[in-house]
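Each of the two complexes below includes chain A, the first together with chain B, the second together with chain C.
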Partner chain A sequence: MTIGGLSSLFSRALDGLNVSSRGMSTVANNIANVNTPGYARQELLQATRGVFGNGVLGGGVTAFGVRSLVDPFIERQLANEKSHLGSFAGRKSSLSQLENILSNQDGAGVGTVINSFFNSWSELSNDPSSGVLRQSLLERGVDIVSHFHNKHAQVQDLRRGLSDSIEAQVDKVNSLSQEIARINDLVRRAADESAKLELKAQRNVVLSQLSEEIGVNYFNNSDETITVQINGTGMALVTGIKSSTLSATNDLSDNGQLSLFVQLPGGTSTVNVTDFVSSGSLGGKLKDRNGVLNESLQKLNELAFEFSQQLNAIHRNGYGLDGDDDRNFFSPLAGVSGAAKNIQIDNQILNNLNAIAAAGSDPNVTGVADNENALAILSLQNSLTMSGGSVSFAGFFSNHVSSVGISAAQVNRAFESQLNLVNRLEIQRENISGVNMDEEAADLIRYQRAFEGAAKVMSIANQVLDRLMEL
Partner chain B sequence: MGFRVSTTSSYLLFQRVLGLSNQRVLKSSEQLASGKRINRPSDDPEAVKTIASFRNSMGRIDQYLRNLQSADRHWTQAEQAINRVNEAMVRARELAIQGNNGTLGNEQRKMIAEEVHQLAQELLSAANTQINGEFIFGGYRTNQKPFELDPNYPDADPAAVFLGDSNLKRIEINEGQTLEIQMQGDRIFSGAGGGDRVDLFQTLARLEQALRTGNTDDNDPESIGQAIEDLGSALTQVQSDLASIGSRTRRIETTRDALVFQRDLIRQFISEKEDVDLAEATYEFQRAQLALQATVSSAGAVLNMPSLMDFIR
Partner chain C sequence: MEANSKISELEKVLLEEIKLYESYAEVLGADTDLMTQMNIDELEQSNKRKATLLLKIDAVDQLRQRTVQEVAQELGIPEEKVRLKDIAEHLSGSGSESLLSLRDRLKSVTNKIRTIQADASGFVQSSLSWIDGSMSTLKRLLTPTGTYNARGRVDHPSSFAGRVVENKV
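And then the complex of A and B:
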């Protein structure tokens, strides 16, 4: 050993101290982030310094960086499956609310009020001139009207709530897109590797949040920024350092749709992407908002329209106790659209119980016990009056309730199995990228020992130098 | 690098498993609390549809049963009225036979005629029977007396006028089946409907007239003897009318029995579809509870496993 080698002893010991303490701080960082969502365990990269002369002696040690342990395949799969999970979660809550609205506790709902109404006609047929029975029939009619009004309002409220929540999510998507674009910019300009790593980890967390809201597809650009597109479209939410704007328009009419539009950065026109947003909780909610909720309103409207129409047609044939015919029981409706909201008992009936047409001919001529028209109306109860003559009034709606139940059951099952899938992927991801405390403890001891060794070298080098000075 | 397990993985795993166990406990406790297997359409959408249609049928059957009750009241009332008619006609024949006795004086015959006049009033009251204020023999004209004696009774032809009509009120007693709950008053009392139907009022009026004139010449069409013969056919007619009521009440009985049977069957169907099997649900609940306990204790054990961290001084 040359004397020059003695001074290098100090610098190598210092290297050792430096690298071990960086190792310990990497461990400390891992431990600190053990519960940080999306955090990927970091590992210190160290190598021996270049050698002198003939390569006999190493030149010390250097830490040249930190790497994150990430499996990009699992990350991508996880983001994708989480967006499906989000879609099912969104649908699960709206469908379970819808099935609660449509089915009363007894599972029959509108069918029950319709049947009570017909039973009142049957009751009236026993004694067509009874004012009490006429009054009770009118009340059952009012029950039907208010049932349609309530269900229509409740489904509309649910739809409005869902629309509001979609619009809030649209804002969230926009702020997440902006955040990704901002981080993209920082990544592009970051000076050192570890700052880049940290920013990319941050970006992954935001990306995973975004994909829970709306299904996305992403790819890396050459400047390490990423481009994020709505899944299944080439429509970009983020291109490099710029983000697009997602916006929603909500048509409040019964069959109105909620539509989503993308305005590309710097662009002036918007593109309708409603039909392409199918995953993420936004996609799930959108599907129900424009699908089953509109369908429920439509079914209520169809039923209210057909029911009032067909009842009126027979009612007009009959005679009231006052001897007049050709009167409607329900106010005539303009059409299917809005029927459930607009259905009303006709004023002529409301103001005059004797206008209820139970008789087939003028009861002042034939007699007050004439109940022929009441019997004719009764025949509507079980007639196949709906869906082109394939199902009764009550059956028509219970079919719809059942189909909502089927969707809800499917979504519940899909949600559970998707939750299992995401859970498994998360565990897999954690097993690659997550922090293991035992491992960190071992690393901590390892770096501690290395630090102690380097310190020992430093102290011995000092003693050696002291002895030399004493000479 | 070998297979590694991160510290968070076991938390994630137990979180999910605990969630599932909790759901099972919740589900079975909901079923136990409500006593129902189906608490919302998605629990069994197909069954919900069937149950709705069953309940619909139940509601209709209940209404049919109420209608049958009303039909039963009507027919019982009609039967009572015609029984009164029968008794009056039997008494009239007794009086006629008494009055046809040649040894009887005119005064005695007049007294008998007076009693026959009272019987006509009894007949009129039976013909104007009401139920809940409705006249049952007037067809659709239930709000006015269907029969009135002519002011010149017994010297008028017809002796009584019918003010009702020939419509019969029908009500629904089963799917697509109606039953009339009235009898045609003019047919029963005024001999309408052709054939050998007899006008009961006219028969009593003729008897009264014959008694008042004391006509005992059996060959004379206006004699008491002729009236006795007419009374005989009137009685046959009344009894056949009573029999026809019997066939109606039997139809009511059999329909009611069938509907009650059907209702019980449907109730049983609904219960089978909808109600929870208590023994099974209790068992399931206990199993779910046990599974939850096992998960919780194993989670506790695994998550508290000693770590190397514990040994760093």
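And then the complex of A and C:
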């Protein structure tokens, strides 16, 4: 046997103690973090130290680092898929609320009230001079007006709520970006590898939260900090130890957009990134806020405008019981914008039921109230008046409601399948990075048995050696 | 002539004992690496090898003690507390040198073993302390924290008690 000198023995023992204490603290860390979300199991990297001279026992052992058991591909894929999940989650709620508002639940849909209104014209055409039927027609007209007002207000409320939620999320994105920049700084300054890994694990958790809020792309810098960009842009939310500021401006008009801007750290100008924020919960909400909700308001406005315009055009041609013509049923609207909010029964009709123009000829001349104009108005019910003459009033809105319903169903299905995908990726991540308490406990018991065995053998050896004290 | 034969036998026994101690030192020397690398399978094998070597050492050492007594009898040395050094003093030049050389080798290897063992022992004790601590941490993690139930008594969910395994997906 060749054993190095005493100094080499001490050196090897010192190596062993250093390495083992690091190894043990790594295992202890794994156990302590078993329930920490996003924690990646750590492993001590060790190698045999080079041997000098002719020693055959090896030069001891040295630890050259600690690594986290992380699969970068899965981590990146998880962040990406969580962004999509966040997007669907954000849309799921708003679309189902919109569907509830627009749909014909309880017989209160736009199509229903429009048909009721035309039914009243039909009834009036059977007895054009009936005051009761004129009153009933007016009430159906008021129903249509209040229905447009209510739907417009409900969609606007939903849009306002979504805008508030987006603005709150913008604050959250800023807070998470600042946190990543702060951890980046700590990672950069950390001297101890194990502390660095813990900080990186914390950073992964924050990054995962951020990717649920907004789709991001990230890459590692040479100083072990990370740069986080909004997906699809080079616009950085975090660059090393600095974070950008995301802000939102909300245009409350019917077609108004909610826009997102990024102000780079230290800069004064802002860049509009609205079109690039397409994933994450923020992206999903933004898509509905600026897309389907604005579109719904637009459809309501178009319908209210066209309906009042076309009905007025025919109404003006007819005569009331008082023999006057050229009167509007609805107050004239300035334009499509805000039509659903502004539509009103014309005051002449509200104040005088005889002003309802059911007759095609002046009753004062003909001596009888005919129903020609009432029938002309009734013909509007099934006329292809909307979308360039391709669909009726009721059909026009029904198509939009169906489209919202289909989108809501698609988003629900996409959310469920995306959730499954994220769950599967979480399991894969857990298999690689998770701390398995079974393994840790079993290892501990094995360590204990082996080390106790070693201690017992050494105790016996000491007894044997004691007999050699006097040679 | 009988004394020479016994001395020759003693030298053989000493050589065998030195060989066994050197083997033990070699196995023990490799243990530190096994322990630091947490190579438990190898460490358990090593423990078995060392235990076997110690049994052999014990047997050879008893033989050495018997042989020393027999040599002492042949040379007329009082049997109580007889040492190799005492026997060497009764031998002529080359016989004495040979025996003292074997004695030095035996002392050297046992000293090395003591040194390695002292280092390894500290290492083993600190490892066992760590294992105990980790076991406690594990137990604490798997034991639910008591909480107050609706009637104000401390409640320990029984489904958790004694569990060594965490929930896995």
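As a working rule, the second predicted complex is superposed on the first by the 392 of 471 C-alpha atoms of A that agree within 3 Å, B and C clash if a C-alpha of one lies under 4 Å from a C-alpha of the other, contacts with A are read in each partner's own complex, and residues count from 1 in each chain.
Note that a contact is a pair of C-beta atoms (placed from the backbone, for glycine too) under 8 Å apart; a residue touches a chain by one contact, two chains touch by 3 or more.
What you see is a predicted model; the values in this text were computed from it and never measured.
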{"item": "First, second, both or neither for A:Asn462, with chain B first and chain C second", "value": "second"}
{"item": "First, second, both or neither for A:Asn35, with chain B first and chain C second", "value": "both"}
{"item": "Contacts of A:Ile427 with chain B and chain C, given as first, second, both or neither", "value": "both"}
{"item": "Which superposed partner A:Glu99 touches (first chain B, second chain C, both, neither)", "value": "first"}
{"item": "Partner chain in contact with A:Tyr447 - chain B first, chain C second, else both or neither", "value": "second"}
{"item": "First (chain B), second (chain C), both or neither touched by A:Leu384", "value": "neither"}
{"item": "Contacts of A:Met437 with chain B and chain C, given as first, second, both or neither", "value": "both"}
{"item": "Intersection of the chain A residues that touch chain B with those that touch chain C", "value": "34-35, 426-427, 430, 436-438, 440-441, 444"}
{"item": "Residue ranges of chain C touching chain A (in the complex, touch as defined)", "value": "22-26, 28-33, 35-38, 40, 43-44, 46-47, 50-51, 54, 57-58, 61, 65, 81, 83-85, 103, 106-107, 110, 112-117, 119-128, 130-131, 133-135, 137-138, 141-142, 164-166, 168-169"}
{"item": "Contact set on chain A toward chain B in their complex", "value": "34-35, 41, 95-96, 99-100, 102-103, 106-109, 111-112, 115-116, 118-119, 122-123, 125-127, 129, 363, 366-371, 375, 378-379, 381-382, 394-395, 398-399, 401-406, 408-409, 412, 419-420, 423, 426-427, 430-442, 444-445"}
{"item": "Residue ranges of chain A in contact with chain C within the complex", "value": "1, 3, 6, 9-10, 12-13, 15-17, 19-21, 23-24, 27-28, 31-32, 34-35, 46, 48, 57-58, 60-61, 426-427, 430, 436-438, 440-441, 443-444, 446-455, 457-458, 460-462, 464-465, 467-468, 470-471"}
{"item": "Complex contact set, residues of chain B against chain A", "value": "3-9, 12-13, 15-16, 19, 38, 40-46, 48-49, 51-53, 55-56, 59-60, 62-64, 66-67, 70, 132, 134, 138-143, 164-165, 167, 169-172, 175-176, 178, 181-182, 307-309, 311-312"}
